[in-house]
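Reading through the structure tokens given below for one structure.
Chain naming follows the written order as A, B, C, D, E and F, and within any one chain the residues start at number 1.
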Amino acid sequence: METRFNSLHFLNAQAEYTAASLVLLGCPFDGTSSYQPGSRFAPNAIREASWALESYSPKLNRDLSEINFCDLGDLELPFGNTQRALALIEQTIDHLLNEHKVPITLGGEHLISLPIIKAVKKYYPELMVIHLDAHADLRDEYLGEQLSHGTVMRRVLEFVEGSHLIQIGIRSGTREEFLLARKIGCQYKAWPSDLEIIKQKINGHPIYLSLDLDILDPAVLPDTGTPEPGGLTFDQVIEILSTFQAAEVVGMDVVELLPQPPHQVSSIVAAKIIREALLLYFSSSSP
Amino acid sequence: METRFNSLHFLNAQAEYTAASLVLLGCPFDGTSSYQPGSRFAPNAIREASWALESYSPKLNRDLSEINFCDLGDLELPFGNTQRALALIEQTIDHLLNEHKVPITLGGEHLISLPIIKAVKKYYPELMVIHLDAHADLRDEYLGEQLSHGTVMRRVLEFVEGSHLIQIGIRSGTREEFLLARKIGCQYKAWPSDLEIIKQKINGHPIYLSLDLDILDPAVLPDTGTPEPGGLTFDQVIEILSTFQAAEVVGMDVVELLPQPPHQVSSIVAAKIIREALLLYFSSSSP
Amino acid sequence: METRFNSLHFLNAQAEYTAASLVLLGCPFDGTSSYQPGSRFAPNAIREASWALESYSPKLNRDLSEINFCDLGDLELPFGNTQRALALIEQTIDHLLNEHKVPITLGGEHLISLPIIKAVKKYYPELMVIHLDAHADLRDEYLGEQLSHGTVMRRVLEFVEGSHLIQIGIRSGTREEFLLARKIGCQYKAWPSDLEIIKQKINGHPIYLSLDLDILDPAVLPDTGTPEPGGLTFDQVIEILSTFQAAEVVGMDVVELLPQPPHQVSSIVAAKIIREALLLYFSSSSP
Amino acid sequence: METRFNSLHFLNAQAEYTAASLVLLGCPFDGTSSYQPGSRFAPNAIREASWALESYSPKLNRDLSEINFCDLGDLELPFGNTQRALALIEQTIDHLLNEHKVPITLGGEHLISLPIIKAVKKYYPELMVIHLDAHADLRDEYLGEQLSHGTVMRRVLEFVEGSHLIQIGIRSGTREEFLLARKIGCQYKAWPSDLEIIKQKINGHPIYLSLDLDILDPAVLPDTGTPEPGGLTFDQVIEILSTFQAAEVVGMDVVELLPQPPHQVSSIVAAKIIREALLLYFSSSSP
Amino acid sequence: METRFNSLHFLNAQAEYTAASLVLLGCPFDGTSSYQPGSRFAPNAIREASWALESYSPKLNRDLSEINFCDLGDLELPFGNTQRALALIEQTIDHLLNEHKVPITLGGEHLISLPIIKAVKKYYPELMVIHLDAHADLRDEYLGEQLSHGTVMRRVLEFVEGSHLIQIGIRSGTREEFLLARKIGCQYKAWPSDLEIIKQKINGHPIYLSLDLDILDPAVLPDTGTPEPGGLTFDQVIEILSTFQAAEVVGMDVVELLPQPPHQVSSIVAAKIIREALLLYFSSSSP
Amino acid sequence: METRFNSLHFLNAQAEYTAASLVLLGCPFDGTSSYQPGSRFAPNAIREASWALESYSPKLNRDLSEINFCDLGDLELPFGNTQRALALIEQTIDHLLNEHKVPITLGGEHLISLPIIKAVKKYYPELMVIHLDAHADLRDEYLGEQLSHGTVMRRVLEFVEGSHLIQIGIRSGTREEFLLARKIGCQYKAWPSDLEIIKQKINGHPIYLSLDLDILDPAVLPDTGTPEPGGLTFDQVIEILSTFQAAEVVGMDVVELLPQPPHQVSSIVAAKIIREALLLYFSSSSP
């Protein structure tokens, strides 16, 4: 047996940066979390949890070993300065896109999607944003703040047209948010019929996937900032992700995991969703 | 931004007592808990957890802001004297009913329902008791005690006729308890057909709802005194509660939450069930 | 009230050893656990959790009081010497079988099934092994080791023919493991149609049940060594166990519970599964 | 290696009841606990924790193997009926004393000392009670109840003279309790000079030791019902216990451990104190 | 027994605002916490923990019932906007001082002391600031931010002269921070001789006490944002606080508690320190 | 602000391997842990915890930035095969020594010290072993096993003379172990006089430090495999380590941390001890 040293990284993410077309990075920011902070610890929790899994997916008959990707570790971000943290994230994602990488970002809270989508939109003007979440995140402000995990998609609507936003799984919000969503017509159910409509709609567009893990029922994923009872099953989320299998996914984030030891189930669920997404979108092998 | 101070109370429960027709109160009693004590901590845990939720229910298109209700805090109860604690609860509920309030009580363990139903029955002789639970609670005694969370509905049957008791969700008990329930004919399943029969049966009667949270599957609500695998989903419980939407609900209790940090999911589930129940039964707005 | 002292044992397991045809024993071995150790604590956790349950099953209309069985406590095993621990387990099970007992073993990790099945096979050469699990456990080695929780069924295949192994619930493994399973034709789904085929196949054979609790979805049973999202419900596992109701069950193990306080739900799920299995296979009363 | 099965018991407590002059028993009663319930789980937690220790004390140069004692397990007690629980404890201790056993009782809460001391006093009229605690426990009532963990020594004073009560370590109580204690002159510090005075005072009297573990600083023993900062070190408690080395100890209780996983340190501290006490008072070997 | 309802508040803090000269308030801000967030939950944790204590201090022979003070609850603060949160705190404290109240503030993180001291300094130009802490908090910036829990005393030095700052307990910082402190001459040990010097120095000055709970050794108070081994005992901190018994204390904050269930010991330690401080500085009764 | 990515490593351990004279590595082996497994998680827990600390030690007036050292991550070890794991560790340490590195190893359990000391002894025949521990670890076998955390120093005595072993802090063991230790004369107290004798004894010898963290009192470091009440303070351990300041330290291990979330205090204590040791032995700057 040869001597091998392990450092903490996501399962199989061992390519060199230059060789990787896909890069994982952590954005440990939870500065606007209102109910419970702590999603800053999610990236490392997901990395650790990924080792409970095999690299092979029997469902997809694909293996992570078929994908060249690397794990950059966590971006160093300031504490207590939302604006500067967002600017730093935007600049980082811009840099990665400029080097032709597809960024897979591990939050952190949902507000990190704002600077990421801003950067991605610059490179892909026809971008459609797929927002999977329990909460509408369409408030105009939260306790007087315009930059908040509860306002992130409202801010995105300032540079992405309503017709280019697709929300799935939403089951919580204010009356105003639901009125706005109805006006825009952006909300869909996780039903096969709705998924079929969505598939049509995104036809040909590059897409960005923003996955707030609280879309899952808290029974499946209890460790999240604001758990909302009555959510989706693990299989339903995989089903939704499969909808975009043929699309051009140009970026993705997985946010709002709030690791709460001793249980690691939520982190493992997050890691398995990421594994399946990577295999669905970025494996060149035929399933 | 104006200066605002928050004290711990259930979401939106900020009416003055005199203006409120609906009052929330905590009964932090867990003196007969046999497997695990600690439901005394449930009322404050539910209050804290309620802040993870919006006051608006997209499902019902109603908002708690439309209801005038107040939160009295927790009743001060002695420790180690079951009889006196129950007497104090009965006297309190009697007082509230006398002032034309509808009491929504947060347990504590299930035995608190006994004095509450006693008081309510005095004001509403035609009362039907709806008992949602995993356990039959029909033992005559438990380790020699007649006053116990495991005997509460047997005691209720001493002043409420068997035909006025409806049990839903029961999946645990002794052989004797199930024989008694069959004799009385009080047990129903959570199936639509059964719910339809129940709806007919309660027609015109004032009803009291006693909800033991362990009716839910432990996957959905793990934090309860005696979790019983194989229970209902969150949606099923909401479906059951919707059955009584048109009925005259004159009181309700939500019992047997046993908060176990760090996870707050069970408390949030309890809080959301309470929110939906309040909106279902006490909002004047049309859905 | 008479004075009674309680020592820790599984619900109703109070027969004398000589009078019992059925014996429970704990094998607190977790020496090859790779992701998280701690299943050594499972037997006592299951014993404690069993007291949250009634001895009566309303579903089966049977009561544990109808079965004569005893709880031997935990086998004392060395730490750090896998070979010797396995030898000791094999010798113990051999001894029990020799005295005409049916062994119900509480793990510990899955590798304990290897010596148990070896001993049982000696007494029942026509034995069929039913393997309920999320993981195939068919690796030839794990990090260079041939004796591992991840190789246990591969080792079993060295003395049990492929046609006498039935795997249900498998959803994780390497590509090689799935190729091997396909070659042998040993994997089945939890669907009614598959269960029907299995029933045919085991016709007349004595069977040994090896139940890795991670077959359950982590929402139902989060406390296990390597939780694998996307698993079975509690009712599905009971359904699978019912398939073997008419068979001759000559031994059973329940492995890979990893108790993680403060929640006891997983241990209660394990205890209830054991209760239902005992009532299904060993109660003489007609249901 | 021979096959050995372990059941849960305190380290080395394996004598037959008839052969043992010393008996351990658990009294899992916490019915009047006001701040936090759960001391009912202490006896088994102490038993489990005892296995982290050696049976040999290097400090005393004695070994538990030199003492014949047995562990009866836990007394079965009703829930929700303080009077009956106390009566049952008194009757049990009376029975043990009648059979010439020295009872070492594991609580449970402090109120269990009341029936124990009552029974012991009957057999040893000259009894002196040594009360080690952070709290005076001299209230006349607590929230209207005369039977409470906060009133236990006041009740003891109804049948034990003030001159026969010795309190050590008290650092919390109401003004009234401290006035009463001063009047009786029962309180001592843990200083060598005070311990010397106590040694004189107990000269020739049989003594009963009631040890509330919260006498220890919460840094040393955090898991207790009402932790009181500013307490004693582990070495100080051992020093106090050594004071009674030459006395005739006719009974002892160790109460108010409230096990809070995952840490077992408090339970191990309790177990080590018990080991040292047993070796100090009941080992016949010369140190 | 009369019916009494309890809402969550600090022990005995039940005076009306207008009647109270002393007000408690929570500032649940943890926006710049770098290692672990969560001190926002401290105020309610301290309130709950305070009920484990008596209102009477045997050490001081004083009782909280002798002080008129009220508990305002928690200030509502925005998330993700440090500047606005600080402005709101400053404005609130200014308002309280204007109404002649002495503010006792429960953090939250240490940065909240900045706006409080700013406001207090306006009313008391001769103010001396007593800073009890493990960390110097004298960095000029932390990860590029000037407003941080790690820079708070450096910011205070911008409007309080170095000669008016007294630091006690400091045992962590950068070389630069210690060089600065040496230059100013602001650091003292917890030795009696140093405390005597401090007593002389503050002679006649109004003082503000800023107590970062991590001054305590993590054995005594483990629940804090950045625990630093090698700290003070509980008795030493009480000793330090006693130093200021004769001084005019015009405000105080207790910060950096980070409640981590299930243990409540840290919160109880915080509550007891607050009780002793209130009795030391604000009770009119002679000890 | 420039973009920086962080991967998990010990504070300041960022030198290139070739440039570093000092290397940190994790040996996540806990295969013979008898009471509680889980020390395999210690190395990463220490790395994470190290970020709660400054790199500067005010006590020593030295900074980690003055030392060139690297963190290799964790050695990959098999599960369930003690012999092979130990061989792999020995071979790794041998390789590092061959490349003139000083190995600082993070356990894992104490048995890892055996292969490390074996390798070091080969390069430094005059080696003296300093063993800091609560337990003697001098058993000849444990449950029949010769390779165990409880036998490690007995095994070391097979190739290191008794006169070259120095044990400090031992307070637990069997009578036989203490008899053996007395015979060899290897045990010392943490008193200044004993430390002075030790300093004389090691004069000129290269030393290897094996630090079992349970030497600390469980109040200071609760998270360890077998906590033993009555241990040393943090300052005492630092004092002991300072004894060897002038010696040639050719290797060191820190073992038996068993991280138990949510508290990180134990891991921080471990990290601070490592920081102080590195600064004491390997910083070239004058204090």
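Note that contacts are C-beta pairs under 8 Å (C-beta built on N, C-alpha and C of every residue); 3 or more make two chains touch, one makes a residue touch a chain.
All of these numbers come straight from a predicted model, not from anything done at the bench.
When the partners of subunit A are compared with those of subunit B, the chains appearing in both lists are C, E. On a Cα centroid basis, the chain most remote from subunit E in this structure is C. Averaged C-alpha coordinates give centres for subunit B and subunit E that are 41 Å from one another. Separation between the centroids of subunit A and subunit D, computed from CA atoms only, is 56 Å.
The residues of subunit A that reach two or more other chains are 1, 76, 78, 84, 143-144, 217, 219, 260-263, listed in rising order. Here the chains touching each other pair up as A-B, A-C, A-E, A-F, B-C, B-D, B-E, C-D, C-F, D-E, D-F, E-F. Of all residues in subunit F, only 35-36, 143-144, 170-175, 178, 217-219, 222-223, 226-230, 260-261, 263 touch subunit D in the complex they form. Residue ranges of subunit D in contact with subunit F, taken from their complex: 1, 51-54, 56, 58-59, 61, 63, 217, 219-220, 234-235, 238, 262-265, 268-269, 272. The touching residues of subunit B, when paired with subunit E in their complex, are 1, 3-9, 25, 44, 48, 72-76, 78, 84, 88, 91-92, 95, 260-262. Note for the complex: subunit D touches subunit B at residues 30-34, 37-38, 40, 76-82, 84, 111, 142-145, 147-148.
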